[in-house]
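Alright, structures below, take your time with them.
There are two complexes below, and they share chain A, which is joined by chain B in the first and by chain C in the second.
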Partner chain A sequence: MDRFSRINRSAVFLSVVTATALALVTPASAEDTFKLGIVTFLSGPAADSFGVPARNGGQFVIDQLNKGAVPSPYEKVGFGGMKIEPVIIDENGGATKQVQELRNLYQRDNVDAVLGYIGSGDCLAVAPIAEELKKMLVLMDCGTPRIFEEAKYNYVFRTAAHATMDNVGLIRYMKAKNVKMDTLSAINQDYAWGQDSRADFVAAAGQLYPNVKLQTDLLPKFGAGQYGTEISALVGAGSDVVYSSLWGGDLQAFILQAAPRGLPKRSQLVFSAADHVLPPLGDKMPDGTIIGARGAYGLMSQKSPLNDWFFKGYEAVNGVYPVQAAYRIAQSIFGLKAAVEKAMAKNGGKKPSTDELVAAMTGLEWQSPGGLIQMRLADGHQAIQPIAISRTKYNPDLKRVDLVDIQYFPAECVNPPPGVKSLDWIKGGMQGAKCN
Partner chain B sequence: MNSFLTIVLDGLIQASWLFIVALGLTLVFGVLKILNIAHGSFYALGAYIAATAVTFVAAHSLPPSVGFVAMLASVALIASAVGLLLERGLLKMFYGRDEVVLLLVTYAVFLILEDVTKLIWGVNPIYATQPYELFGNVAFAGLYYVGYDLLLMPISAAVGFAVWFGLNRTVTGKIVLAVIHNEEMSVSMGVRVNRVYAVAFAFGVLLAALAGALTAPKISMQPGLSSDVIILSFAIVVIGGLGSVEGAAVGAILVGLARAASVHLVPQAELFMIYLIMAGVLMFRPEGLFKREAARRI
Partner chain C sequence: MKHGRLHPLVMIALVVAATLFGRILPTWTLSLATVAASNALIALGIVILARTGNVSFGQGLFFAAGGYGVALIANAWGVTDAVAQMVIGAVCGGLLGLVIGPLIARYSGIFFGMLTLALSMVLYGALVKSSALGGSDGFNVGRPSLFGMVFVDPREADFMLYAVSVVTTGLAGIAATILFRSELGLASLAVRENNLRIEYLGISANRVITINFIIAAVFAGASGAFALMAQRHIDPQFAYWTTSGEFVFVAVLAGYQSVAAVFVASLALELVRSFSNLYLPNTWQLVLGVFLLGVILFLPRGIGSLWIREKRKRSKPAAATPAAVRKGVAL
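This part shows the complex of A and B:
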């Protein structure tokens, strides 16, 4: 009996010790971490220009947040004290694949929210899935205005302004700098981003340059790569301005082929999203090109403690300065952090439910390295933000393209007001814009 | 008038590199009766190898002309070796099987090469622009053209002539033609058909890679390069007639001119125009413009 008692006592003791040890080494519970699905291009044509800078930017911000090393107002560790646990997924592979990947993130990986998406087609495809599953989805980048203008979502947010801002900003810049535009030619990719950007730019040009005549209007397919014939058509047209929303490898190939054929000398080149090609192109980028960066980002960003921390920190880790995609994911993560902490302040410090998170995010405003982000459109689900436009100038000493003649436009100057579709707002004379 | 000349010149520039790709495709089909889906991958391989050679030369501060020669030489060496290796090591095992099996084998090679290029060169765009500036600019029809683009036309014509001459005016060419027309008879006459197959396939690969190398200085090399090229080159050989050198030349010129005309005149119809021509040719000459009717063997 004694022997058994001794064994029992030993067993109980061992069990207690084991249980205690196990409790100490068990991974943090779901309450201690915030599992965040991140979707960005890790391969494919958009990886180099957008996907990988976004991944690097996201990783940098999450690492710093988890260490509590981010300056005010984001000094609190992670999201409201919860460590962020990222699950990173490749956006490459098309919209059908992304729909399945999103379901997997919510239903198999049990993420608390998903943040990401660069491709307009992907955003249009995944938004209804998050709504159907009643799960939080934060779109970080994609440009098409159609997401919230053609549908209404409760669980979906976009924390960056859509393409209307880029094109209205470009036209306002050109007008402010007295750029002559009696004639206009355009070259844009034949998919949602290219077509929507073209429509916004042409419409905005029609407002501030009422006599402008659209000449050559090209829509090559995505990834065309060779633009010899298109360049002949553009040079032959000899328009005052050639506008393009090309990006990534397509934009670089276009510039490399157009520059030796004299297109930049014959026409003013205007690119809506070109900051990301400046580091790889270097002195191949024609001086004087008017470019946007889809925000006040990178070399066009404004000085602030938060931006200085982000710019220098990202550059130190990645060996290159941050461009638009890195800024856009950073502002998404800070927005989500602000929403989580706002919801926690309301519910007594508990990890917020999806509905609490949605309520906190709706209409939210927060500071980001690229400036103030305001969820003003689509009933508080679509962000507006300020934008900067500038001209390129190669700096042979630093061996990089500098951006000069920078002009900033407030968010309410270049984004439509709530309740109005972008194209209707532009065609209606951009009523209510506050530019001062 | 200027607009017409521009369309013609743009069309011919595009036709010149497309012809070299299509020539390789049609040659492989003519000799081996293989519809080589992987042909576009060899184009991409040539472009990537050329970019590596040009970058290597530039990194050693050598002049761009050395880069131009280096890219052609390295592509010729590597592409021929890859072609021989694939034919001897893989395709040979499937001869005599159904044509669909060979089609699937080349599709598998296409998928493998897609990943191999990603593995070696990554997914980021690669550039090798130094040779593009080598031949200056030329004013024509009120526009500036890059000398390099214009040079593609004589190069393409020379390649086309060399292949035509080699096939029709040399003993080796006669042997290849004999294999094309009747393989069994060629074997009975002592022709080493396997050797002809290997050389023809390697030469087809070399032509695709050469076209890739020649276009490399003016494009950005990135994943997906091969699929666009294979679609266009299939359209060309279908228009011209599978297995016909003259057909590949005429098909390339038609596709180049159609694309250039639509970009200049009806940009919305750019892709449609190429397939419209293809459909039109197939309606009236299903075997293509230059394919001769073959007697049915019983």
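This part shows the complex of A and C:
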């Protein structure tokens, strides 16, 4: 016992010494690199669907930028000539851990900016911390409109549209394609994303389909995996349309269980964020399902030199085509790059300070593989972007699900104008939408 | 436990020293230490309760009650004072403990543990469904002040929180050592050894467990208030079972022999988590797991056994402690 405890003691001392040594190594902030903290899910339920594609997308874009191999207008190396040095952190572990890690990124690792976050709860939690520390924070994804609708931030930006666009886009698409919807059923996860998506969709449906009747309205718990009872209820209701904001493993499980029971034949399936399950599902995805991708992303993306470079390059490196999360991080990084270079053009080519960077990013517009991103809402801090909606069709030659009947909606058609809360905007008849 | 080892005044001096040490710490360690102190406080409650032979796997219930109580009161009436928030959290946790304690004290062992877990998950489920409280996304609160002073400089604000949480946890630790030496504390140990015999001595075992349970709930509520102040955001994750499990882990890591060990264990866990996250973002959970396993394998009586050696063989209850501790904690 004694010998053991001596070994233990030395082991513990060693680890304490190592930890202290690590703690004291404060990396020198170099002038010729831009240190970028990247936070995305590397473990947990959202990793496969969003987190890892985002990490791969971010890695790909940063590698290419550092080589100077990106097409116009991003041909400059890194950010304005500075090499990008990413520090990647796992978003899994809850908001408490995220707040702590964000502080560590800024205060210990001295990153110049932090970019990332997929979970809405995480975005809500970290935004006020960055604001307090007066450090640049770029939120790349997260669905909730609450971030800028409930608070005002100077140092926080979100480079992607919030979830309102997904549901308004779906309804506009259904109206444009004359999809019959006298009755509607819904199945959404019982947490904020599911509840909010459901509220947006039902409200938007009430505007364009004033006579629609909501029949079965289900809220299974997050990560349920088994939907036998829910599918029975949906098949029993036999509504014209079944709407769902399920994603990832839950969505795959739902589709796999619903298809053999004939739900896709009985009702038109409408999914607000389903592009990321197309590669794993393949021919198991029922044809004719209406899906959104939270933007004009992946197989729905519009042709441009920048998009061709991104789509093909990502596919070559990762063996699978890029889906929404990869596009979202790419548009974030390009936005930050555009802001850094704008600030450098103004200050004579020096590395910009946080305040110069914030000023440059506010109200910025830039091209991304998924189209034009405009920081229009929340005094130039919240982006709007175009969206595409389409139907699925399995292509046996390529052994992949193709997307057909694609329709694009301009950003101002599906996003609220500045100063209006999204749900109020939908309920007020979506005033001021410019759809052509 | 530590029969006459440290005078309370010496302990107070230690707390003051730890607080002042915050002046020279780098900024990022301040908030990390605040979280560690807050976790240590709740783990201390678990240690106190575990001395009766019962482990609560649902301290998240009181943690969340304290956090939500403070957050709602802060947003409704603008109470931003850190000390007031801490007291509100402790009261919220304590009141809930007062309701649940007498009911749950009738159970023991695995039933006790599972019931506490179940209750915390009931609260979790209710919170996720309550969209007025932000549902699963939770909501934000403003930054805390202290005695009317508002701290704009991030470092000063962090130090204020660090100081308040370290002092609170320190005082709670001192109170705990006094409690351990008191009649109630010794009766708690006896309840674990043989609660029937305790009843024959004229002491109500239920009462002893209830009182310890309420103390643990008060600590958990105050800890929830600190967690809220440190991150300015609250969500139902506060009541989730993995959160409660983490606190039990801190208690296991610390072991029983020293109150200071709880703080050290909590700080070590936070440091390991943070650095493994930075250097091994893909496998940080593995590192954390290996660390926990390592401590359990090589220091079965917790980190506290590093500096508290087995010199107490003469005192009988203490000698009987380790085996029972393992039984109690390894439920």
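Basically, the second predicted complex is superposed on the first by the 407 of 436 C-alpha atoms of A that agree within 3 Å, B and C clash if a C-alpha of one lies under 4 Å from a C-alpha of the other, contacts with A are read in each partner's own complex, and residues count from 1 in each chain.
In this text, a residue touches a chain if its C-beta (ideal position, glycine included) is under 8 Å from a C-beta of that chain, and two chains touch if they have at least 3 such contacts.
The structure presented is a predicted model; accordingly, all values stated were derived computationally and were not measured.
Once the two complexes are laid over each other on the shared chain, residue contacts for A:99 go to chain C alone; chain B is not touched.
Of the two partner chains, chain C is the only one that A:146 touches; chain B does not reach it. When the shared chain is aligned, chain C comes close enough to touch A:195, but chain B does not. After overlaying the two complexes on the shared chain, residue contacts for A:90 are found with chain C alone; chain B is out of touch. Contact with neither chain B nor chain C is seen for A:349 once the two complexes are overlaid on the shared chain. Residue contacts after overlaying the shared chain place A:43 against chain B and chain C alike.
By the touch criterion defined above, A:124 reaches chain C but does not reach chain B.
Within the superposed three-chain model, A:109 lies in touch with chain C and out of touch with chain B [touch as defined at top]. More residues of chain A are in touch with C than with the other of chain B and chain C.
Touch criterion met: A:217 reaches chain B, while chain C stays clear of it.
Comparing the two complexes, residues 43 of chain A contact chain B in one case and chain C in the other. Of all residues in chain C, those touching chain A in their complex are 26-29, 31-32, 35, 128-129, 131, 134-140, 143, 154, 157, 227, 230-233, 235, 237, 240, 243, 270-275, 277-278, 281-282, 284-285, 294, 298-299, 303, 305-306. The residues of chain A lying in touch with chain B in their complex are 43-45, 47-48, 52, 216-221, 223-226, 228-230, 232-233, 235-236, 248-250, 252-253, 256-257, 260-262, 280, 284. The touching residues of chain B, when paired with chain A in their complex, are 2-3, 6, 9-11, 13-14, 118, 123-125, 127, 129, 132-133, 137, 142-146, 149, 215, 218-220, 222-225, 228, 259-260, 263-264, 267-268, 270-271.
Residues 4-5, 7-9, 11-12, 19, 22-23, 26, 42-43, 87-90, 94-97, 99-101, 103-104, 106-109, 120-121, 124-125, 127-129, 132-134, 144, 146, 150-151, 190-193, 195, 222 of chain A are the ones that touch chain C when the two sit in their complex.
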